[in-house]
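Heads up, there are several structures right after this.
Below are two complexes that have chain A in common, paired first with chain B and then with chain C.
Then we have the complex of A and B:
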């Protein structure tokens, strides 16, 4: 039996490769491209799976959005108390809530994939959900994106120095401060910042994204107002985020400092700055790049608490409003964007990592 | 007769010859632990002559590696030099006490005058840098004038240790243990230093590669005229490579002398045991 196995295997192999010798050869010659193609295929499967789960998950939420819509119409307008069954049916069809759940699903996916259409929103009917989301997206990306980049840069730099000079007084203070502060919820820091700088000192505004007296435009007054209004919410995220990155960078840095190649670099008589950047940091920052990419993806979720606290017109605020009114299309739309951005960020990271670290190889 | 040979060897070992590269006097190195201090090197006197290969022999824990890191100023706490002086005479520079120089002065001295050849099986090469970049950074640091000749210099150094130029474009994880050891050897002599301290350069390599590495080391001395201090527990290495051998035991120097003399007529009982304890090439040939 075992003696027969090898020829069988060999036969299988020739059969396997027989239909596609060109593809095999191409994959062997272009391992990176072959990997990219395979990885992209996986990405599409992941995307489909996550979108499907999200769709069915939100349909499990109790309540009927059409009833809510009818009620709000009744409250706001003089409206026939007994909405006719026809009108309800029309709304159901328009929101994609007619038919059984599988036909709803197929219709939803078709509109999403072929037309990029998320369906009408309920919170600002009849504006499509994608327009509602796109209106909020720049605020969220602007605030959270800049905050995430800044906290990563500060955290990586300070964490590297804290690890490099471990045992020194300054490093010990910074490390202990980071341990204490990195686990303080940022909305708590935001509350303190609001209390001190907005409420007590009155230096900075605590609500909204810009001064409503200034009309939005690409001029100094508006940009200044944006910065002024974004400072407190941004600061609360940057402060806590930075301390988190300091801790993790230091944790990655310390074991690298004991490596033989650091002793060797010292024996080489290289300048300390060069040893820190090219030998120590260069060998430990890879996990931080990965974590940073993933955290950038999560930005698209919006930061619900901070946006609510500062009444910032971002995705987080939109999401909360949508959930309160059972606006399926908008909730799903925000979730879909989050899924898309996280998966895309991870895909890009996987493709970029082999360029950052020669030891990372996905192919043989 | 033999007593006088030992005496003269000892005398040569400690005397401040004008052609000495390194003169170690009364060196004490201590590791302080929670259970008290451990003296790893005790009152060591030794001189390294210009152009020679000096072997340091001894069992594990005899203090030979501690001696190497102390001379290279790479000793980390809890290790501490508690006494002694190490006068270093780099060619064309004024002599310095290696134990007293610090900061920038020490950094400038490193590699251009005093370089280090670690064990190749250790991860001494930066895993994320190409081999040629690990030559480049140290050469540019100490001899920026050679910037334009790097493209020619690095392949030449690699070929000196029997490696092809394409190795320069490789990463350390793509090299075998023997290749890594050769790369380290080539980097060690890149700036033609006055003294190379080699710490167990053949340990963890298989026997055939060991032989080749030892031959390359001997060639480097011929080609570059470097002075080598070779630390090894392997008496075979000393028999094959070094001119003089110093035997350490429990932190003390028990014997120094011409390697043939020491092998033929070991004076110290410990040296005798050390020589008898190994399957020595010399025993078969005699």
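Then we have the complex of A and C:
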């Protein structure tokens, strides 16, 4: 979906700015390269726009993070000196909160782009926000990434079968179930699972990412504990995610099943299984790989609540903690990372897709 | 004219059982919501079942209280019924606002084309990639004591780009149809073409836009509330789930407090999604029978 719209816009823009004849001739000779350049230009514009909107949005939030910091310092270190104007001014400049909002913006962007620096965090001051985020990132990628891959695989397999056996009772039940459940928030399922398996039956732990009695390390005990603690949050994502993929795979499968080359394959006497996997499903792969890439970028969005419920030490929990303590730098950093990953995933797919599928052509 | 629309709607529903089921579920929920003051009164009799300490605390479900009572001694069934009404109102307000904004942006962008389309679509695209949840959380900082309508407006700020995107692609495909060209040749003005030629043909897609924005809005608010950042004073289904979690209903075994709101919201999401897919099936012949027979 996203794949079709941007190139037209990019084309519009290049026409408006009327490149010199030399550029135009070069573009005509190298359509793929010209497309890549245009697409990358759009990527930069979108990235800049989204980061800017996010920055101003969060800066306009009410509340004074410096006061919060000083309060928490006072509580933690029995820091009895009254916060003098001088100290406040120093913290302001350290957090990039001095000067008017435009100079703050320029400074923030400069630090972000040139140094990859998001500024100090509040939740674990003076650790920089990027370190806080990098510490949480592996947990999120581990939990959500594995859950996303599993739901994609299950969804593709079940969706293919649902399409192949369309009209049969089982397939119809599966399809209708998917329609009904594919938009249910993961969080609801997670809550029910926690109640049943953690609180009522007591089989699985309800909180945290691993047993705190086991020291983290690359051994069986720790990995076992990781799996045990990750099972419930992972399961809640896989359960609902699978339904979404079933639906979209089935939608791609059914038109393919009417194609002539499938009739031909059947006439050749190929086994149905071979036709399904080698002929029909193959045509659904590519759109589904694209969709998977895009969904990986967005995955963060719907999973904050699941992480928060399980107190999983990932990005979602970090975000919620940061918000509760008005930690602007971390909040903005998490948002920036989400923006960056979505846009980059879409960009890479748009660039790679024409190479993989000869039917995909964005340039003229 | 109204008769014609009514028969068209009835015909559409007859063609798609999925759409019919979805609409029926929605209708029942709206009815419950509209009648919620009466239902609440019926449950309580002479006392107000939503009053603090109206009954004993943490009563288990029984004949007197079908779903038990909460930590303040309020009747859970009465709470759920009135909260359903609030959730639906939020969905409707946010759905209407984001659909209207989305339709206007989509029409201007899709119909005018050119650089206007370029700017508007890039802007919509940018808004689409910013994760909504952190932004909503930031907005909630402003919204400590706000009315239901304000909450709806707040949430729709982030849900209109989805509606705009869906509708724009449809405008693009309709714009070049022969009957639009005909209208243009007969010197009809832009606004006239949009209202008489394009809009009626886009109604089902506008319906899809509305259903998905409403869905997104209700879920967005539930998300905020579940982490305890919901606007005060607005008690919807998400707020009940949050209270259930934060007061330890999970460990106390007071399951109706979160299972019932979750079941209701799940049913609501299922109904909205059925309406979505049903509408697309009916009006997009390519999809007919594709999404299921």
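Following the convention adopted for this analysis, the second predicted complex is superposed on the first by the 309 of 364 C-alpha atoms of A that agree within 3 Å, B and C clash if a C-alpha of one lies under 4 Å from a C-alpha of the other, contacts with A are read in each partner's own complex, and residues count from 1 in each chain.
Rule of thumb we're sticking to: a contact is a pair of C-beta atoms (placed from the backbone, for glycine too) under 8 Å apart; a residue touches a chain by one contact, two chains touch by 3 or more.
Remember, it's a predicted structure, so these values are computed and weren't measured experimentally.
Once both complexes are superposed on chain A, the partners chain B and chain C fit side by side without clashing.
In the superposed model, A:172 lies in contact with chain C only, and not with chain B. Between chain B and chain C, more residues of chain A are touched by C.
In the superposed model, A:257 lies in contact with neither chain B nor chain C. Of the two partner chains placed by superposition, only chain B is touched by A:266; chain C is not.
Applying the stated contact rule after C-alpha superposition, one finds that A:109 touches neither chain B nor chain C. Once chain A of one complex is fitted onto chain A of the other, the partner contacts of A:87 are absent, as it touches neither chain B nor chain C.
Of the two partner chains placed around the shared chain by superposition, neither chain B nor chain C is touched by A:149. In the superposition on chain A, no contact is made by A:157 with either chain B or chain C.
Least inter-chain distance for chain B and chain C in the combined superposition, rounded to the nearest angstrom, is 15, based on C-alpha atoms. The intersection of chain A residues touching chain B with those touching chain C, taken from the two complexes, is empty.
Contacts from chain C toward chain A in the complex involve residues 18, 114-115, 117-118, 121-123, 125-127, 129-135, 137-138, 141-142, 165, 169, 215, 219, 222-223, 226-227, 229, 241, 245, 250-251, 253, 255, 258-259, 262, 265-266, 269-270, 272-274, 277, 286-287, 289-293. Residues 2, 5-6, 9, 12-13, 16, 42, 45-46, 49-50, 53-54, 57-58, 61-63, 166-167, 172, 175-176, 179-185, 187-188, 191-192, 194-195, 199-200, 247, 250-251, 254-255, 297-298, 300-301, 304-305, 308-309, 319-320, 323, 331, 334-335, 338-339, 342-343, 346 of chain A touch chain C in their complex. For chain B in complex with chain A, the residues that touch the partner chain are 72, 74, 106-112, 115-116, 118, 122-130, 137-138, 141-142, 171, 173. Against chain B, in their complex, chain A makes its touches with residues 259-261, 263-271, 274, 278-279, 282-283, 357-359.
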